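First the structure, in the form of structure tokens, and then the observations on it.
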Amino acid sequence: MALLVEKTTSGREYKVKDMSQADFGRLEIELAEVEMPGLMACRAEFGPAQPFKGAKITGSLHMTIQTAVLIETLTALGAEVRWCSCNIFSTQDHAAAAIARDSAAVFAWKGETLQEYWWCTERALDWGPGGGPDLIVDDGGDATLLIHEGVKAEEVYEKTGKLPDPSSTDNAEFQIVLTIIRDGLKTDPKRYHKMKERLVGVSEETTTGVKRLYQMQANGTLLFPAINVNDSVTKSKFDNLYGCRHSLPDGLMRATDVMIAGKVAVVCGYGDVGKGCAAALKQAGARVIVTEIDPICALQALMEGLQVLTLEDVVSAADIFVTTTGNKDIIMVDHMKKMKNNAIVCNIGHFDNEIDMHGLETYPGVKRITIKPQTDRWVFPETNSGIIVLAEGRLMNLGCATGHPSFVMSCSFTNQVIAQLELWREKGTGKYEKKVYVLPKHLDEKVAALHLGKLGAKLTKLTKDQADYISVPVEGPYKPPHYRY
Amino acid sequence: MALLVEKTTSGREYKVKDMSQADFGRLEIELAEVEMPGLMACRAEFGPAQPFKGAKITGSLHMTIQTAVLIETLTALGAEVRWCSCNIFSTQDHAAAAIARDSAAVFAWKGETLQEYWWCTERALDWGPGGGPDLIVDDGGDATLLIHEGVKAEEVYEKTGKLPDPSSTDNAEFQIVLTIIRDGLKTDPKRYHKMKERLVGVSEETTTGVKRLYQMQANGTLLFPAINVNDSVTKSKFDNLYGCRHSLPDGLMRATDVMIAGKVAVVCGYGDVGKGCAAALKQAGARVIVTEIDPICALQALMEGLQVLTLEDVVSAADIFVTTTGNKDIIMVDHMKKMKNNAIVCNIGHFDNEIDMHGLETYPGVKRITIKPQTDRWVFPETNSGIIVLAEGRLMNLGCATGHPSFVMSCSFTNQVIAQLELWREKGTGKYEKKVYVLPKHLDEKVAALHLGKLGAKLTKLTKDQADYISVPVEGPYKPPHYRY
Amino acid sequence: MALLVEKTTSGREYKVKDMSQADFGRLEIELAEVEMPGLMACRAEFGPAQPFKGAKITGSLHMTIQTAVLIETLTALGAEVRWCSCNIFSTQDHAAAAIARDSAAVFAWKGETLQEYWWCTERALDWGPGGGPDLIVDDGGDATLLIHEGVKAEEVYEKTGKLPDPSSTDNAEFQIVLTIIRDGLKTDPKRYHKMKERLVGVSEETTTGVKRLYQMQANGTLLFPAINVNDSVTKSKFDNLYGCRHSLPDGLMRATDVMIAGKVAVVCGYGDVGKGCAAALKQAGARVIVTEIDPICALQALMEGLQVLTLEDVVSAADIFVTTTGNKDIIMVDHMKKMKNNAIVCNIGHFDNEIDMHGLETYPGVKRITIKPQTDRWVFPETNSGIIVLAEGRLMNLGCATGHPSFVMSCSFTNQVIAQLELWREKGTGKYEKKVYVLPKHLDEKVAALHLGKLGAKLTKLTKDQADYISVPVEGPYKPPHYRY
Amino acid sequence: MALLVEKTTSGREYKVKDMSQADFGRLEIELAEVEMPGLMACRAEFGPAQPFKGAKITGSLHMTIQTAVLIETLTALGAEVRWCSCNIFSTQDHAAAAIARDSAAVFAWKGETLQEYWWCTERALDWGPGGGPDLIVDDGGDATLLIHEGVKAEEVYEKTGKLPDPSSTDNAEFQIVLTIIRDGLKTDPKRYHKMKERLVGVSEETTTGVKRLYQMQANGTLLFPAINVNDSVTKSKFDNLYGCRHSLPDGLMRATDVMIAGKVAVVCGYGDVGKGCAAALKQAGARVIVTEIDPICALQALMEGLQVLTLEDVVSAADIFVTTTGNKDIIMVDHMKKMKNNAIVCNIGHFDNEIDMHGLETYPGVKRITIKPQTDRWVFPETNSGIIVLAEGRLMNLGCATGHPSFVMSCSFTNQVIAQLELWREKGTGKYEKKVYVLPKHLDEKVAALHLGKLGAKLTKLTKDQADYISVPVEGPYKPPHYRY
């Protein structure tokens, strides 16, 4: 795609695949609204006061139908928004078109190159002369990373006059990041510093991004306050678990139409995501084997009747492999060579280094047969036997299907809205330092409460006497901070 | 689509949506072959002897990837084949293209009109001057019906000179059938008699078609032998049950992306198909309510923790409705009016009269909003509230997804191959009268056995002593005919 | 126990463990009545007409609380009843006491010797000078067997003057049977002939007994009509399946308190009983491996995510072994030697030859440590490692727990009442020959219907139009005979 | 029982039901050892060094077979032990006898009166002239409470000369506590002060006791350090969840033999215990309805397909009621009056005030019919309809069955051993203040690791590179403190 920004008739910038899909996107957004009671409740509760009046928000988060409802909740509360996707395959083009046409500046399409991906990220952060955004909604931390790397490079440049050197790294993606920063530096050597100055804070969506934030906090390099949305109970114990339970089989079916019943499936990692994946596969009739490093999670898997082995033990006997670890180098090309013909290999974690795609792509004589987009058969020359890799080793549920369903994303995104409101409300009060924060439990409980009515649930109310007996307020929060749910 | 037959370079007739999808179809057929061990075993066992040499086979059965593997198994055994789909939405166009290009005469595309549908059926039955096919593979019984109706009309015509009168019926679809027969009569008043004469028999795939056959047998109007493949254990207890367990959520997700967890789902009917649907929804986290007429099936539902109520009890509280009854008039427009906004209504049974589509379409002031093909929102004028109907009330798993997965269809279709072989082998021996037959249990067991290796299973072998103790042969069959599995 | 018949104050004979438990038995019988709606409905419907007036019924069926409600249903309908248990460990002594005191002649206690067991059986069949019973309720077929063997012996004796010779067989139990017959012959050489003459028929409860009946039918040796209650859908698909799903873990827990979660469990056989056992173990968190001879049942197991292997493959890795085959020689002492220390071995099938108890008991140097009644640890001398055998290899759910719960037994026993009524009503009409019959489907459906109200279910009613469409009567039966549920 | 202390031949004190059951207890203890790998590993690792040499440990924790293995692990590590149960119904008399005979001073029997219960507690704390124990293992906090109340009373007495007045409270149980303290004060006005002085700390087993400790910490009244074992992941997410999943149905079956399938079950509370109970009931085929005050837990229930309503909504429709809240006044007598005949009401939480037993017992005209110990039918005079209450409203899994199985208790109790070791090792170092502590994560992971081998699991090992990538040590701990599992 030619990397040229386009403009709507109203003058808003965008770059999407096909603006003619906007109507279709709008129809699906309307369906999703009915399934996202938390976001709609935010519009009803906060909309009239327009609390985001004047706030510029940049989002780097899968540009899907569900995200569209999030974006339009932010704009309904008064924000101005620019958006990009945080994964090259995760954009739903009709959602992007509808938002670009109706609500916000969008730079995203399904099947970006890495080059395009970072161009989009940069576009989303670029609010023109006044600097960057006031707030960031991040997923995986790439927008945050770009600013941090930019600031770092500007400091080096200020001190030494040296520009960042893309050839200093082997990592193809990081070369692109450095190139962008280098080119930016030439135009404005204070670009990222200005962004940093303006920024009130970031709210981060996912485990991987949160891990990066805690590392920066530990190193003392975090440049602005961050709210860890991932670890809201109503996020990590819902989206990660129930979202994946839904979207893993969805991705498998859309990509391969494989019958899951009767198959042997290996789930690498038994955290919240792994638990959701294993549950889905087991329920569909697979025999599930888990690999784990953590003895506690391993024991949980055993209690659910799952076998716990190492990948080496099962690599040549299993039919389906899913990585959920958030770590790297989980399934290597040497594993893949030993697999059964047409074994399915996929990753539902954030980054594409859980599966050794580099090793696979550079394996001598390997042949790639694209069945359809995001579904490739890789044939090894020695055996003439192939494996099927989904979404090029990236987030398969978003690459091969449509990701998590609206209802569970409503929980996650209501946390996002609340986190953004909190950061914005407290800007300048000093309440939030350059640290990572979790939302307080009463807000977490509120998010859950907003989702009960849709499902017909009725809560029991504590009497004052009962509340005193267990030492909690009648209105909650009901649990101590360490409670694990 | 203009209803003109096209020809391949080799001269074989076809009519498909897009021949350029043949390569894609071929790739998916090759994947499916790995998942269909029963069919591939038939090719290995019977292929060399070419038992179908000289046999002309017409199929009326969803033209999917799995059916493609069936067709190419029939041709690998020596048959000449013509094929159409048995549902207007069930064709996979890439499968149709690959088969049309490589193996058989195909007349099928996704999204046929009823007019087109019956044109395709007629094309599939038309083997030129020599009459019709030697054998029929039927699903739902439409090819069988056309011949029976044709013969009936020809008899009337012969006796009275009267042509069939399409206006004699209210049923739009039956009007088309009569028109076709009428037009055929004008050309050749013995057309269907010739077909009947030539026909060795039919093997019928599904509950609905089987029911029609038993009725004809009871009435004494059945014109040729029929093998009831549906009631092979390895069909009805696998395809109907495990196939639907797989493809119901698949269809729901592809059509609506709805989160199933937390929802209230109503499954009308708790036969094999209903059991599969209910299991899938329960496992995905829905609360499932069953409606049933049969107290035994109702008690089975209760034993699985499902609630059994009438549709009236739950119509305004549920989120998802699935019909699986094979009966008609299950969900009427009066029910639909009372449903929650965006309730999902779909049918996984064979015919589109389980859901009152006619009532819905003709409801005064109702508005149809097509979200995407096979996903429509119907809005009632009184409430401005809408329901979502999948696949226009037809087979939702084939209309909105890709139907049952290859592995379970391999069980069903291996039964088909065996049934066709049996009919062909016994033509002229008088073994099969104009009745409905079920395959003998040892063949049923053989079908199952062919599918164990793929899943890594190992059977235990009886000793002679043990076999005597329970009075079965060492090699089986192991169960009495009335055994229910 | 001294084998002396005792008498109640009213003069009814009995032999039970402890008459002082009658009050406790009565309390539990009253609880069970609330859980057995089918039997209570029979009392309400048929009680007033006293259809069993004059009928003498002998039962050989586990003398439990549930059976007590069956017996008192028979007496409520006018029958006179004598009863024994069909397993040495299955009697609940408080149930036996309550019935002996209040309703029928009972000869049964928990922990009979084989000698005592057959003495009880003989007592239950002995109605004094007038011959045997009019009707038999049999479970496993021992009462039926005794009469058949008796008649056979009397014929030999009449022809040759030869008495049966217990030493002619190795089978310890059959030696006892022959001894009883021999001793009886000396007193009355026509004893069993008289019984045969008088007998109207037998209704048989379980798979094992039914198998014997079909063999006798095939051999032409069946002496009186038999109704196969086991193959009523509301018996075999309920009691065998859901009953075992309940009572297998119950027996395991009461006998060993073992945690099932995390364990590897082997279920030998995947018929209805095996399906129930496997489901229970899987749900409790075990990893379940199935052994099977039948490829169809094996494929069903695979579709549920269970592994299918041979016993040899897993004998040294599993923690729990359950036999459900109805065959013999399933787990041999050579298997047991290879098991892990404290592996649990049990049988839920009818006879104690599924597990090689004889091989175990006679293994040189083996040590038996009784943990508590029906729970023994057997230690092999070579390894000093032990296995735990439940209920001496007999029916573990009745030996170690209380068998199937009342509700599901109400289904089974309502079939028994209906079968007995049918035999008695048709005595002398010639409707039933010396063959094995199954109850007609409308009675099967009636049994189910009687159990729906208790669980709050509401059936949907067919319209006449719908019934015609699917060719069934509005009131049922709703399924063809071959339907498998 | 006469409250006289007895002595073994070796002079150790005890009071148990029946010393002749010691052999049976020993056999079951030996079985349990095989199922408790964590405790056995502690014996192997720490036994040789005798770290508890000189330590006097008092335990107040259900005197079961599993606890017996805990006690003998403590003694194997050198401790001297005195023990009582923490529930009047939870003692297994054969376990108590074996321990009393072989290993420790035990004061416990099944079916204590409250008077007897507190006498036992006092005996367990009384180590003679030297004061109380060095360490306490507490469950529910009664031993801790007695000391705290004693110290409080002694302070009042010292200042004012006033003795505690049992008549100052309505609570019958607290009257007994005050009586004991009053009587003790007369003998030794510094008795509890001496205990407090000597005490190194307490490790507390369960949610209820932990809640009390945190309240005392908050009030500043905690007299010694406490380790919260309950909130080790390997305790609360295993014992509370998987233990109850096992022992709830076990208790229901042993007490009532009720068929769970098909029933409507209400679980009050959806914390770890409630989750285990709901899972067990659902798996057994019940339809489960949850009541909750916490919107997050409610939403979790919904995601699993459970209905969330208030007790009032379902009180007259459900068959089984289980309280798991740890709160009071959950099921009141007014609820019970509205229940179906023979509805089952039970509590699996710690205290008997979740169910309004007082209201039931004092209801005018109510009739109590004891079916068997711990199973009572209470009949209301107005309706002559009854409900069945288990274990007099107390811990039904221990009252009606044998509590949690050995394997999961091994996890809990290994935490106890480690906590006790930690307190003892650090006595005098000042590491632990008068606060509540949780064990560090690496010990939690160690507990899990000790239980994997028994279940045949194999852990994956991180490479250094991978560990660095996710910023954890290669050997763990692998998760941040806030991780929820």
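Worth a mention:
Each chain carries a letter (A, B, C and D) given by its place in the written order, and its residues are counted from 1.
Keep in mind that, in the parts below, a contact is a pair of C-beta atoms (placed from the backbone, for glycine too) under 8 Å apart; a residue touches a chain by one contact, two chains touch by 3 or more.
By chain, UniProt protein names: A, B, C, D = Adenosylhomocysteinase.
Quantities reported herein were computed from a predicted structural model and do not represent experimental measurements.
Number of steps on the shortest path from subunit A to subunit C, with steps defined by chain touch: 1. Relative to subunit B, the chain whose mean Cα position lies farthest away is D. For the pair subunit A and subunit D, the fraction of shared interface numbers is greater than half, so the two copies use mostly the same residues to meet. Put simply, the C-alpha centre of subunit B and that of subunit D have 58 angstrom between them. Between the CA-based centres of subunit A and subunit B the separation comes to 40 Å, rounded to the whole angstrom.
Those residues of subunit B in touch with two or more other chains are numbered 242, 261-262, 285, 299, 302-303, 307, 455-456.
Subunit A makes touch with subunit D in their complex at residues 211, 214-215, 231, 233-234, 236-238, 242, 272, 291-300, 302-303, 307-311, 313, 326-329, 411, 438, 444-446, 448-449, 451-452, 455-463, 465-466, 469-471, 476, 478-482, 484-485.
Put simply, subunit A touches subunit C in their complex at residues 261-262, 282, 285-288, 299, 302-307. Across the complex, subunit C meets subunit D through its residues 24, 27-28, 31-32, 34-35, 65, 242, 245-246, 249-250, 253-254, 256-264, 283-285, 317, 341-342, 369, 371-372, 377, 388, 401-402, 404-408, 455-456.
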